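After this come two complexes, each holding chain A, first together with chain B and then together with chain C.
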Partner chain A sequence: MTLTITVNSEPHRCAEGLTVEELLREKVYTFPLKVIFVNRQLVKRDQVAATVLHDGDVVEVVHLIGGG
Partner chain B sequence: MSQDAQGRYSRQILYPPIGTAGQARLRAARVLLTGCGGLGAAAAELLARAGVGHLRIVDRDVVDLTNLQRQALFDEADARECLPKAVAAARHLARINAEVAVEPIVADLDAGNIVELLAGADLVVDGFDNFEGRFLLNDACVRENVPWVHGACVSSYGVSTLVVPGRTPCLRCLQPELPPTGSTPTCDTVGILGPAAHLVASLEAAQALRWLVARAAPDPAVLITVDVWDLRLQHVTLPPPSPTCPCCGERRFEFLDVATSPATELCGRDAVLVRSAAGASPDFAALAGRLRPLGELLVNDFVLRFRAGSHELTLFRDGRTIVKGTADTATARGLVARYFGA
Partner chain C sequence: MSADQGTAKLQVTIDGRPVEVEPGTTILAAAKQAGIEIPALCHSPLVEAYGVCRVCSVEVTTGKRARVVTACNYPLKQACEVSTRSERTLRTRRLVLEMMLARWPNVKVVQDLARDAGLDGPRFAHPRRNGDPHACILCGLCVRLCHEGVWHNVLAFEGRGESRRVTMPYGEQPATCVGCMACANICPTGAIRMSEDPNDPADADRIRRAGAELTREVVMLDKHQCHMREMGTAHLTEIMSDYDLLPCYNYRYGADPQVPKIASDKFKAVFTQGVADGCSLGCDMACAKAVDGHVLRTGPDRGKAVLVDGPEYETVSCAGSNLGIFEPWAIVEINYYCDHYGLDTISFGTILAFVMECYEAGVLNRERTGGLDLSPGSIEGTLEVLHQMARGEGFGLIAGQGVRRMKKIFVERFGADPAFLQDIGMEAKGLEYSGYICKESLAQQGGYGIALKGPQHDEAWLIFMDMVNKQIPTFEDKAEALHYYPMWRTWFGLNGLCKLLWNDVEPEDNAESEAPAKVPRHVQGYCDFVAGMTGREVTPEDLIVQSERVYNFQRVFNLKAGFGRREHDAIPYRAQGPVTAEEYVSRQERYDKQLKEEVGVEPAAMTLDEKRAALRRWRADRYEKLLDAVYKRRGWTRDGIPTLAKVRSLGIDKVEGLVELLAAHGVTE
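Entry: the complex of A and B
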């Protein structure tokens, strides 16, 4: 079964059981340091591998950067 | 408020959330800007034009030709004269709005001076170009209960959020650990677009003005990201402050206890910042006499710049030297010892 989640405001289809870690691997992001929110809750770094996504989840991926 | 002030600020006084009362609050406000590069210079100009009464601008570097692509407050003369950014900014801002008191401070913000430099500020605007500075600022602001506007940018991308201690998540709620040096991109490694820096600086200035006028923070807290190339703007609702945050939750301020190291690589710039063991006020005249036969020399009221071979050493009044042409801290310290005897 495929799920539809929202990643940074865009619909994203994925397989059931997908974790946040797998999603991040699938989407190739430019910058290394990411902060992830699922349904407005912060996903701590040590929970990225264990957090399973569900149909309708809203994922926001934000980059923290050092420049200025 | 004087007739002149009514006229000068009329277009923002017309904006109801500011009005005459808000303008008076801006005039009474004190803001610290930590860094005066792509973000700090643009934010400083917006705040000065808006009539924020007192701006303390702290920056450790001089204006360089590579800054002019985005740092609209500076010009070629500043780079030629090798003016410290804080000093150049104060001069330009005085011509833009003489009513604003601008206090330029040429220094490296560290655990030893940040609390003192923060004293009296209603708000801090983040103009840092590195994570170390921001983690230090976050600790200082949470401990001293001073709000700060985070802004950062590289490439075409930028981020901003207002941190109000106790009310919104702090930087370490989002990122508990300091990223290792060299692990993240910087403006010197992946570049930076002028519009990205200006857009983030504008977001910072807007959040600053709103806080100074109304003490208003978005509720719930919000983080904005922008990409000026892909034309994407992302609005992320943040959770409440984390009770397990090492800084605002557990109130451990470890970055305020970090001993300042004698030399720091300036990431991606092929340069090293060397701090003097001898302390402040080097004798520029004596040094100039000694160095003139050995290489190319420039001296002004603020810095002594000496070029020998592929190395360029810029010595500041507070005893710091920025050594360009090496990323190796030991080599840089060796050059400082050899030429400046420190």
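Entry: the complex of A and C
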């Protein structure tokens, strides 16, 4: 079964049981300084691998500004 | 070993309290986990445990065996009982502190620990008694931090026993000491401090505290975040490629299969230097890297082994991937000769990228380049043009004039299509673009286009915020970001302070702050720095106003110099969208989706040329709307000139001739 979640305001289809860590890999979000919220709740760094996503979840992956 | 590797946890008790820890955890860390504080003096999370002061002594009982150990460097390997308050523990700790108190009776940190241990005073006189309240107590934090954290070896112990002291080689400050003051910041007694301060700060201690926090973050956190201490800004190369932002082949594409050949690990392998250079108090980021022993293959110094300062990300991107050059040695060599000749690697790279696309498109050929093959990826041709530029000869004489003049020359001499050259020549206000693709970030198109000095990203780098995070969807949101960030980043330049300390390392709890992208705690750190220097309290808002005053004055200066109107904020279409058919096709899915969802046309029914034209109209129109929104937010006219009300509110209307200059450009009451 696939889920439809929202990632940074855009719909994203993914496999059931996907964790936040796997989502970051799927989206190739490799920049290290990020803040992640699922349904407006902060996901701390040590919870990224353990947090499983559910259908309809709203994920915000805030990349902190960088460059230069 | 960590739990991830399947190692079983250890059960220990500390003061009768059961604690579960990973094997190898020190007693000090285990006690902290259990909420038990063990006094310590020579311990700091910034450096390896040392166990020299022995204040953290505790009693460990394993089976029938009990012994006193130092908690800071004793790793737990088997089940045991730890007592931080047993009679034997307290006796040991008191004796240690009594000896310290006898030798350094007026040092506050010793006095405090002795009092906590129940000592009134020493029972004996120490032959080396030192009554200085700022005496060095030989904890070694400074020596270890200089070695382990700062990666210098300026400080060391000298002598043994009672003669032991902290010193520098031959007792003098060596040239390798960059004055980062990490040693002074970590010193628990104030034995190391700024003896002379030409800047005469109002509150040196406040600056010291701000610096100490910075050292702590850089030393402890960078290795888990950007790894800039290992690789400098070159860590960005593969990341930018992952996000389709790395300029490749004159900004046509944002990624390339060959990027792994110039990824940060390739440069890490050749970096031989890279220690903190002391450019900012307390900062040990060590972002500057260098390559020793690069044997030059071209140019006047061919065959010589040289030291190369760099390369940084901008050099790798602009003078590497953007030229289709994916050979680290070639990038290092370009870096060397640009420095040697006094050329900027960004401008040089962007110039050559334009030249190569012109060569590929037939605007240039061997005859026109004086026999040089300047196809994309040509290392030999690139280096030869670099040498020619320095000598003022051959094709280098043309390329050395920059993209803006080259466009004119190619039209006049070679009959090139001016519209095509305008589209692909990555310059604005006469300056070449720096190393980021901004096609998918309208805000960054403005960040580059409106920047006062030309398209440099040091005013604003909004690509993640705009394109990836989707945090600033409306024109007004983007305009607000194009107000705050350029003002904030201008502030660094005004004060000669580095930007890396703002957001290239992030506090542990930044995610929980009210505005993580602004890194509020670091903004406050800069305020502390200003207040510590000047004695005047400032808020983050004050800093923005300081910048706004200068920024608007600079905009007026640009106006006087012929660069301060809307027409000067125009950007080449390559910065806005796909110029060529092959560019469109390479990201067709993305562009077709935009046509359908954003522009409201049906791409399936259109030819490629029609799609490109429709996308271009839409993107160009959005850029103009962005300029309108930004000018409005900044208090400028629709032509991009500060209004009278704006210059008055900032107090710069009193500058002689300024109001008259505005009037001459049609800005009146």
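The criterion applied here is as follows: the second predicted complex is superposed on the first by the 63 of 68 C-alpha atoms of A that agree within 3 Å, B and C clash if a C-alpha of one lies under 4 Å from a C-alpha of the other, contacts with A are read in each partner's own complex, and residues count from 1 in each chain.
Here is the rule we go by: a residue touches a chain if its C-beta (ideal position, glycine included) is under 8 Å from a C-beta of that chain, and two chains touch if they have at least 3 such contacts.
Values in this document were obtained by computation on a predicted structure and should not be read as measured data.
In the superposition on chain A, A:54 makes contact with neither chain B nor chain C. Of the two partner chains, chain B is the only one touched by A:40; chain C is not. Look at A:28: by the touch rule set out above, it reaches chain C but stays clear of chain B. Of the residues of chain A, those at positions 8-9, 30-33, 35, 42, 60, 62-68 touch chain B in one of the two structures and chain C in the other. Listed in rising order, the residues of chain A touching chain B in the complex are 8-9, 30-33, 35, 37, 40-42, 60, 62-68. By the touch criterion given at the top, residues 35, 37-40, 126-131, 134, 151-155, 157-159, 173-175, 179, 183-187, 192, 197, 200, 223, 225, 232, 234, 236-239, 242, 267 of chain B touch chain A in their complex.
Interface of chain C with chain A (complex): residues 225-226, 233, 236, 238-239, 242-243, 314, 434, 436, 457-458, 461-465, 468-471, 473, 485, 499, 503-504, 506, 510-512, 516-517, 519. Chain A contributes residues 8-10, 28-33, 35-36, 42, 44-45, 60-68 to its touches with chain C in the complex.
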